[in-house]
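Each of the next two complexes has chain A plus one more chain, namely chain B in the first and chain C in the second.
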Partner chain A sequence: MKLKIEDVDNLCTGASFLGAGGGGDPYIGGLMVKQALADGARIDIVDPDIIDDDSLIIPTAMMGAPTVLLEKIPSGEEAIRALRAVETQLGRTADATMPTEVGGINSTIPLFVAAKLGIPVVDADGQGRAFPELQMETFAINGIKGTPLGISDEKGDVATVLTGDNHRMEKIARGITIRFGGTAYFANYPMSGADVKRTAVKHTLSLARSIGEIILMSRQRKMDPFEELETFLPTTSYSVARRIFEGKVVDVDRKTEGGFTLGNVTIRQHDRRSDCIISFQNENLVARSGEAVLAIVPDIIAVLDAETALPITNETLRYGQRVIVMAVGVPEVMRTPDALQQFGPSAFGLPDVFVPLS
Partner chain B sequence: MKVGVDVGGTNTDAVIIGESGVISWKKTPTTEDVYSGIVTAISDAIEAGDVDIGKIDCVMIGTTQFTNAVIERRALLPVGIVRLALPAASAIPPLTDWPVDLVEVIGSNVHQVGGGYEFDGQEIAPLDELAVAEAGRSMRRSGIETAAVTSVFAPINRAMEDRAAEILRNEVPDIRISLSSDLGQFGLLPRENSTIINASLSALASRVVDAFKRALRNLGLDVPLFISQNDGTLMRADAVERYPVLTFASGPTNSMRGAVHLAGITDAMVVDIGGTTSDIGMLRNGFPRQSTHFVDVGGVKTNFRMPDILAVGLGGGSLVRDGGDRVGPDSVGYQLTKRAVCFGGDTITATDIAVAGGWADVGDASLVKSISRDIIARARERMREILDVNVERMKTEAGDLPLLVVGGGSILVDWPVRSVSNVVRPDYSSVANAVGAAIAQVSGECERVLSITETNRNSILDDARDEARQNAIDAGALPESIEIIEVEQIPISYLPGNPTRLRVKAVGDLPV
Partner chain C sequence: MKLKIEDVDNLCTGASFLGAGGGGDPYIGGLMVKQALADGARIDIVDPDIIDDDSLIIPTAMMGAPTVLLEKIPSGEEAIRALRAVETQLGRTADATMPTEVGGINSTIPLFVAAKLGIPVVDADGQGRAFPELQMETFAINGIKGTPLGISDEKGDVATVLTGDNHRMEKIARGITIRFGGTAYFANYPMSGADVKRTAVKHTLSLARSIGEIILMSRQRKMDPFEELETFLPTTSYSVARRIFEGKVVDVDRKTEGGFTLGNVTIRQHDRRSDCIISFQNENLVARSGEAVLAIVPDIIAVLDAETALPITNETLRYGQRVIVMAVGVPEVMRTPDALQQFGPSAFGLPDVFVPLS
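Showing the complex of A and B:
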């Protein structure tokens, strides 16, 4: 599939939806991709099922503070240098790149890299949504080594991280990001085409594009975007999508701790009969109503504008918004016991047991 | 006494306000030269109120001239654009995502040079002074008269922008320069966009301010002149010559502020009902709540502050259909006085419902007798529902607030609104806009990124308050009248040391 300029807004909107309240606003990344396409670049998104088993795929992404990104926009060379650093370690060039995280801004970085390098992007990722840390990947769960990791900034600084432990990789890269000025661009989890087929969450870029198209086009087509999403998502590997709550935001409680934005948002039903409280750590973790758990990580909890169905990130949540909360069951590959250990409720310090959305 | 003037696209309103409130007012059509419309409106208002001209202390003008110029691509200058950011930010050059026709006007004199800051104030790279000088020479060669300079994280440190301006002036001595650090907040692209538009408006700004000053001279008014900015406060006329972009969208702010003054209420929901739409906003401490989103002007995302306003399709000219179950969003608009039934037309409008229902008195009530009780009741219920739901949507606080109804279409409302405690329709609400200009205060702001801890929190807040206060004094406020009206703290995630974006705003009265 060749990515067109008209696809970019759809893809970014769908990526925000899959960001589950976090993931960073894809606005800057979307502009970079549009600019590259306007300059005549070509971006091919390829189906993971048809890539060569022995091809080399090197995923690319950004990490750090979304707020810094809005001010310090990248040069565009950062992620490419990071990818080159991994190639140097492996002594081999990449045949394609791929997102590590489809939710939020990181859906767009590999598209830009692909445009600049003239290589395709694999239609898959390692999170199927957004998560805050680099070890929270289906790649890691299925035995792919996170390193060599290449990481770079706009000044041309490059670091290569080699470690056998993906948690250490996260910790070291996070420290480097601070020294790079709050944002950094990286390449990690280099793998073969066969490994992509075995470990990735597949077809997530085209999924993001379709979700965005439903959200942005439904009104024009006189359709209800919420119904459309509930009908469409079960036709993908995301088993189920359901509106779990509707109401008005009556409280947003936010604080920063250990570099993360933690907090709770309270949504009240219009007849005031019940409340839904969503707890988040950058991304939404759990939605509760009274004692009942309505949905819990790794399933996706998306807060959507009740009128437009546009996703609302936790940074832009505020009192008075009328919202519909939609939960989406993630693919089986993200619900295995190993996966839950990496990014299930306990990985975020929640006492609850994972109950899949049904 | 103060004179407030609103120069709109259609009408120029003038209102004279004394200690006890509105003395007199006048509405006249806006003229092509702006100037004569202002002269007519003010002199007619002076005459109507039998006002002693020597007792007038100052004149405040609100205008949509600059917004309209951008929307209509009129009177804009080509701009020399300098971004201090390399090696960062080159993935998205200036003017990316701008409408093509506007880029054609603004031109292609674009320079990305070395410089800019990190979030903690360190340099991304030293300022590339040679490249800035070369940019200046290129502007001189191309006959460029105005430049826009934007540095990464300029709101934290403006030194590089100031130095770049100095270098440009060396190369092109009479160039007008707009700096992004004067235009506020974080977000490189929207701030840069505002700076470029500001630069592009600089010639028009001189002409418009000159026309305002001439109007005052012609009237024999030798008093200070202030112009409204979008946050509801005033700037001196000479500041508008440098920062015309700050006047964008001052209209909605002025009408909301005018409503506050006329009703004597500082915390309320406001609806300004026009011919086609109703603008709904919220007032806290007498000021409109600001939007958190990028505001689009003529297709460009800017960073300027604007009230958070929801426009809904309910106005005096809204079409009434389906036996009253459908009201708006289409409207007969400016043709109301031709097409509405109460004015002898054949289209049932929201105004006709109000007249037929007996709670408004415009046009000829005998013409609307054919409208059935049932249609009136249904349409009235539908209008009420529209306001109910949308006022509730714009309310960001629990608890009851009153609803202030202003604007020409305020006659539509005679019914209670469920989402508010009571409905207030103040006198003179059709010139709320000019009243808002007349009663405005001046403001000062301070915005920073800081590491806030339990121990340093108080001293940091004190510093920020002092800086905002000083900025308000510099803008002309009486020191003893200054109040801090806003303190906003937003944590920045994924960074150590709890860095927080802090914004403080102070307002004060002008000496009269």
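Showing the complex of A and C:
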């Protein structure tokens, strides 16, 4: 599939939804992709089921605190330098790139890299949403080594990380990101086409585009975007979508620490009868109302504008916003015992047991 | 010069003296070198004036908080992995290694690397003592790029850093060191033999050995080690050595922060008439008594046992030690305006102007 300029806003809006409050606002990334397309670049999004088993796929992405991203604009060369550093380590050039996560800005980074390098983007990722840490990947769960990792910043600095342990890769790369000033662009989990087929969450860029199209087009089609999402998502590998809370943002407690944006948002029902508190580490982790858990990772918790259904990322939350919280059940591959160990409640230090929405 | 087992204790003791309170205790490094020699390894220490101009020298060292080094024993492979990572980036193998600093454990790391790899060690370094940060090198002052830097830990993790700015190299490598657990082993400033001749502080391993020999041998030769040092050092490029304070350690305020050991030690005169307060960031930076500055970086401030003249490193300072503080004027190449900018008082945030001892 050749990406068209008119697809980009849909894709970014859907990516923001799948970003679960984090993932970084895809606005800047979307602009960069539109500019590349307007300049005549071609971006091919290819189905993972048809890529060559022997091809080399090097995913590209950004990491760090979304709050910092707002003020630290990328030049576009960062992720390319990171990918080149991985190629140098491997002694081989990439045949395609791919998102490591489909949520937020990380849906757009590989598109831009692909436009610049003239390679395709595989329609798949390793999180099926956004998660805050690098080992939280279906790739990792299925035995793919995250390194060599290449990482770069907007000043032109480059570092590489080699380790046999994906948790240590995260820890070291996070330390580098902090020293880079809070955001960084990286390439990791280089793998064969066969490994993509075996380990990735498939067709997630297409999914993001479809979600975005529902949100952006419902109004002119005189449809309710919330109902449309609740109808559409169960037709995909995402089993269920459900509105879990509606109200007004009455408190946002947010800090940037350890290279993450951490905090809580409190949403109050319009009749003031109950509150919903959502805790986040970049991404929303758990939505609680009193003692009840309304939704919890790995299921997606998205805070949407109550009128437009446009996703609100955590760095843009503010008092007074009227919102609807929607939860989405993730594909089964993301709810296996191994997957829950990697990115279920306990991976984030939450005491709760995962109870799927569906 | 072929290093003999009996040289090692002398060299370590002198290195501890030149470590200016920091540099990490060379005890463990000395043991590793002695073991390698006992196992039949040969370690050649070569004069920088006779090395081939076209040869490739890759210095090796450790970094981090000396307080952590005490509890995190190296396997010996760390620095070799770091050197290999630099070689991979350059596509060329090292003809020799060299200390980046002659103070403390970093006099011994290149000896061990040389023993394992069968390459010589150049009798020179880039600090003429120990300093806490990677850009504080005569190499850097004279235009040598610090990267590619390779860095490794005892778990086998490896990272590389590529940047055109030696301060950013320090900042990024320090972040990696923290994530490695507080200590790391690295290789950086790869350079030609011609560049070593042009930029290094020469014959400093020999100097360390001579200083150590004076300290360890004075007693059996019925000499006063303090007088001997004050007589010997002015015959070298180190212009002066002088006892600046004598007393008892009455307070040690020390913390490990940002990958460094930071603090102050207070020494009280035996007649209690005055105190000397020495501030350190790994290494001793300034010795004050009341308003007077007794000595200040880049000059060396060494705290020595009052009986034996054995150097006391800051991580082993404790209440009640009877000590003599000796200051040493560093070579002229380390007191140029460029050098003072890199490792004079202002580089450590001190308000004082550098006034040389000599």
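Things worth noting here:
Simple rule for what comes next: the second predicted complex is superposed on the first by the 340 of 358 C-alpha atoms of A that agree within 3 Å, B and C clash if a C-alpha of one lies under 4 Å from a C-alpha of the other, contacts with A are read in each partner's own complex, and residues count from 1 in each chain.
Going forward, contacts are C-beta pairs under 8 Å (C-beta built on N, C-alpha and C of every residue); 3 or more make two chains touch, one makes a residue touch a chain.
This one's a predicted model, so the numbers in the text were calculated from it and none came from an experiment.
Once the two complexes are overlaid on the shared chain, A:219 sits clear of chain B and of chain C alike.
Of the two partner chains placed around the shared chain by superposition, chain B and chain C are both touched by A:178. When both complexes are overlaid on chain A, the residue A:42 reaches neither chain B nor chain C. By the touch criterion defined above, A:74 lies against chain B but remains apart from chain C after alignment on the C-alpha atoms of chain A.
Once the two structures are overlaid, the count of chain A residues touched is higher for B than for its counterpart among chain B and chain C.
Of the two partner chains placed by superposition, only chain B is touched by A:34; chain C is not. In the superposed pair of complexes, A:155 makes contact with chain B and with chain C alike.
In the superposition on chain A, A:2 makes contact with neither chain B nor chain C. Comparing which residues of chain A touch chain B with which touch chain C, the overlap comprises 155-156, 174, 178. Those residues of chain B lying in contact with chain A across their complex are 85-93, 96-97, 116, 118-120, 122, 124-125, 152-153, 186-189, 292-293, 392-398, 491-496, 498, 500-501. Interface of chain A with chain B (complex): residues 28, 31-32, 34-35, 63-68, 70-77, 112, 154-156, 174, 177-178, 181-182, 248, 250, 254-256, 259-261, 282, 316, 318-320, 322.
By the touch criterion given at the top, residues 85, 88-89, 155-165, 168, 171-172, 174-176, 178-180 of chain C touch chain A in their complex.
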